[in-house]
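Below are two complexes that have chain A in common, paired first with chain B and then with chain C.
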Partner chain A sequence: MPKKTSKKEDKRQIIEKPEKSEKTKVIKSVKTTKKISKKIIKSKEKIPVKKDDKKIEKIDLIQNKENLKISEEINKILNDNFLPASIIDAITERVIKDKTLEPKLNQIITKSLEEYKKNLIDPSEACGIIGAQSIGEPGTQMTMRTFHYAGVAEINVTLGLPRLIEIVDARSIPSTPMMNIYLRDEYRLSPDLAKEVANKIEITKLNDVADIEADLTNLVIYVNPNAKTLEKKGTTTDELLESIKKIKKIDAKLEKNKIKITLDDPSYKKLLDVNETLKDLKVKGIDGIKRIIIRKEPSEGYVIYSEGSNLEKVLEIEGVDPYRTTTNDIQAVGRVLGIEAARNIIIQEAYNTLREQGLNVDKRHIMLVADVMTADGSIKAIGRHGVSGEKSSVLSRAAFEITVNHLLQASRRGEIDELGGVAENIIVGQPVNLGTGAVELVMKRITKKV
Partner chain B sequence: MLKYTRFEKARIIGARALQISMGAPSLIKIPKDVIFPIDIAMLEFKENAIPITVKRINETQFRRT
Partner chain C sequence: MATEKKQNFDIMNHELVPFHTILSDHEKGELLKKYHVETNNLPKILDNDPVSVFIGAKPGQIVKIVRKSNTAKEAISYRLVIESE
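Moving on to the complex of A and B:
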């Protein structure tokens, strides 16, 4: 039953809002704070380049006035009835675009109000269980095939069930971290600038740009830079020298085109040690970003896809659009952009992994999961170490795992169980506080006799 | 009139049906062929004749509907 209705709702949603761009969807689906949504809108307006800022401001002002006018009108029609702000925004947007809709505003609002009420869930509905089953049942149909070359050529992404488990477990590092790095204005249009940014991001090791030769008889190491690759990666021999000098207890000098490295106190073992560190020496780039692919997207320009993820550092690079760049590392998003952003990324990632497998789970079920995971301001896993393990009720915890331990500890501490949840009430043998069980009957004072 | 959720409706009809099944007189005129207590209770509910309502703990959550 729940599946059926959710499918219905899904279809309705698609029919109702077919022309919305990806970005407005993001804004809508999410309870972003005003600040953030404003930022997003700003970045959206910046996309058409080469327009005077003043012009944009003027257009903005006019739009704001119209917005206010129409939303006031809508509020008048609504007359204390409730519609979510996102729906009102969508209607205003549409009405501004299409002036012929304005006289029909009353009709539109009443109709959407009707539809909204029809879709509302009843209080004390067991939405958690419905959500769990709606995700769990399609989950059983997921293939176990872990690796799949999805869209982006050559980058390996964990998909399917393993990825879903990863998201729900709130792992600190995903097994295949990945980033989609979007670029700002002129950077996304010019291949050279995009390449430049990519070079700043992709990690370059000394071994990639130079040959390292160890002279065992004289106990010196020669680093022989390859001019071609140096140019390709956008570094110089001097920069190599700088980074080599950071290694302790050695001395580096430029000799002709080579870099000569001598040890402070030479020994055979130390020479080999230094040789190893030299091979792994980072010359340029960001830690954790192993490989980079630049692709030209039709309506976007150049986009950088990276294997490995480091959100903090990538956002600092000039030319990267911080508003749209994403990673699949949920914990990093939570750390850098905050808990609401983490919630969004959980919803997005889970929804996409399910959809890639051809499973249409309603977004609202996933939203509920994401809400539970992020409700207290930190990202908690679903399971032993997170949500289930931190429940306040002893009986509910005992019903989940390690029954005896929980009961023992609880009796030692003298815990009190409020019998608020489902599991506790079933254990005790009471009606559960859900659905019909949550209704309390009273006598009607005035009866109407027929 | 108060609008009931489907759970409340079920609960009210259930409680009334129990009374009827134990011999309570019906509050409205019931057709002769309806003898099943739940059917009688549903007819009474439709007529708004059942002297039972619900106590809502948190009224604000219902205000939207």
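Moving on to the complex of A and C:
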């Protein structure tokens, strides 16, 4: 039912997605598919009905009981040893499928513990260097072609190496800010309600909905609203009038269908000034959101994609699902949702950027980068202005960039270098405090008995 | 312009925000003993971080974070609350 109407109504705003593109979508954007998979309940066109949820819940309950029993048993065997939850889950799943495994549980656990310990990174291993190389090497393969269309066809997003640099530099504003705005249940099913929300979000300037004519002889300005666009944007002439009245030192009146604007003390120059401010006057919407695209996603309903980002304000709009809506502006996420959310978005963005280019970097390396960036409570860049520039060791900082300045400043301040890191120890010619260099051996002499 | 109704929401329920709790003094002592660390060695969280404000964490306390992880399903991490400048 929404298909036919929306197609005719507004081609620019609502784009029906053909079924074919589903495959390419899956490869292209991991983020969206992940989100969808949470909500998918095996129906393509229809969006989950509550009845289905109940059935699944019942099955879940029965499974949960069995799961609990087995995972309890596993925990008993584990005693104080640690295994990640994902491994325990995998084992319980297998044991539930194949009951004959149950008596062997003890053996399975001891073996997996053994394997798990084997796979842990060794103490004193240089995980940072491994991470840097693991991201850096495939990074050389990245295309310099920066402008691609990610996920959403019409929105231009910086991708590839420039985007990765942007993430790692912790820029305050990304070069192409973008938001994925999900809607609440009632809104995501209806195209009209989705459009209503979109109109509240997208910035509408007076120039978009009305013609502004300056009458230079009488020193008045006429604002001539366009009825069609007004309806499309969901505003009225009264609302226009109200926002015009907020401008200082003018008077606005409604005359027939036009708005007549007179100046308090008329002059040619002021008229032109007012004319300019009128053109740029915000009538509706949120600052920073330049353009909006509504799409119908299978098994999700209508989703709004926006060019430009303003997380604080968008989350407050009624109808927006504040728990799933995200932006690619890392600093904004840190500001609104906290440092842990920022860590998550760094991982997600960096991983997706690499994935987009067909590079398979293990998530753990990126997690390490994100951990370092967020370690001191604020989002810090990697590089001169961030992590590398704030190292405690003078020699290490001097070895990185602007050598003379760092040495000079350090001597003025009387800094002491503890020679704890890698660069310092290489400079002075000592074994580095890493790997085999981190352990000291003491030989036990056997004295011969005479 | 008509004033829009603002919707209230709880940032802790956002997909990107993992579960945070404040450790009690007893738990704090046990944690430091278990990992042989001092509070300063832990990663930090600012006291004006939206999450710290929400859960009422004060400088000096330790926040336990249960992250959803792709590799381990669940990963536990700790952050020391510090004063923001």
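Keep this in mind: the second predicted complex is superposed on the first by the 335 of 450 C-alpha atoms of A that agree within 3 Å, B and C clash if a C-alpha of one lies under 4 Å from a C-alpha of the other, contacts with A are read in each partner's own complex, and residues count from 1 in each chain.
By our rule, contacts are C-beta pairs under 8 Å (C-beta built on N, C-alpha and C of every residue); 3 or more make two chains touch, one makes a residue touch a chain.
Since we're looking at a predicted model, the values are computed, not measured.
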item: Touching partner for A:Glu318 - first (chain B), second (chain C), both, neither; value: second
item: Touched partner set for A:Ala85, first chain B, second chain C, both or neither; value: second
item: Contacts of A:Ala341 with chain B and chain C, given as first, second, both or neither; value: second
item: Dominant toucher of chain A (residue count), chain B or chain C; value: C
item: Which superposed partner A:Lys284 touches (first chain B, second chain C, both, neither); value: second
item: Which superposed partner A:Asn75 touches (first chain B, second chain C, both, neither); value: neither
item: Touched partner set for A:Lys444, first chain B, second chain C, both or neither; value: first
item: Chain C partner contacts - residues on chain A that touch it in the complex; value: 35, 84-87, 89, 200, 239, 242-243, 283-284, 315-318, 320, 322-324, 326, 333, 335-341, 344-345, 363-364, 371, 374-378
item: Interface residues, chain B side, partner chain A - complex; value: 5-8, 10-12, 14-15, 27-29, 47-55, 57, 61-62, 64-65
item: Chain B contact footprint on chain A (complex, rising order); value: 82, 117, 120, 122-125, 435-436, 438-444, 447-450
item: Touch list for chain C against partner chain A, complex; value: 1-2, 4-7, 9, 11, 13-18, 20, 43-46, 49-52, 65, 67, 69-75, 79, 82, 84
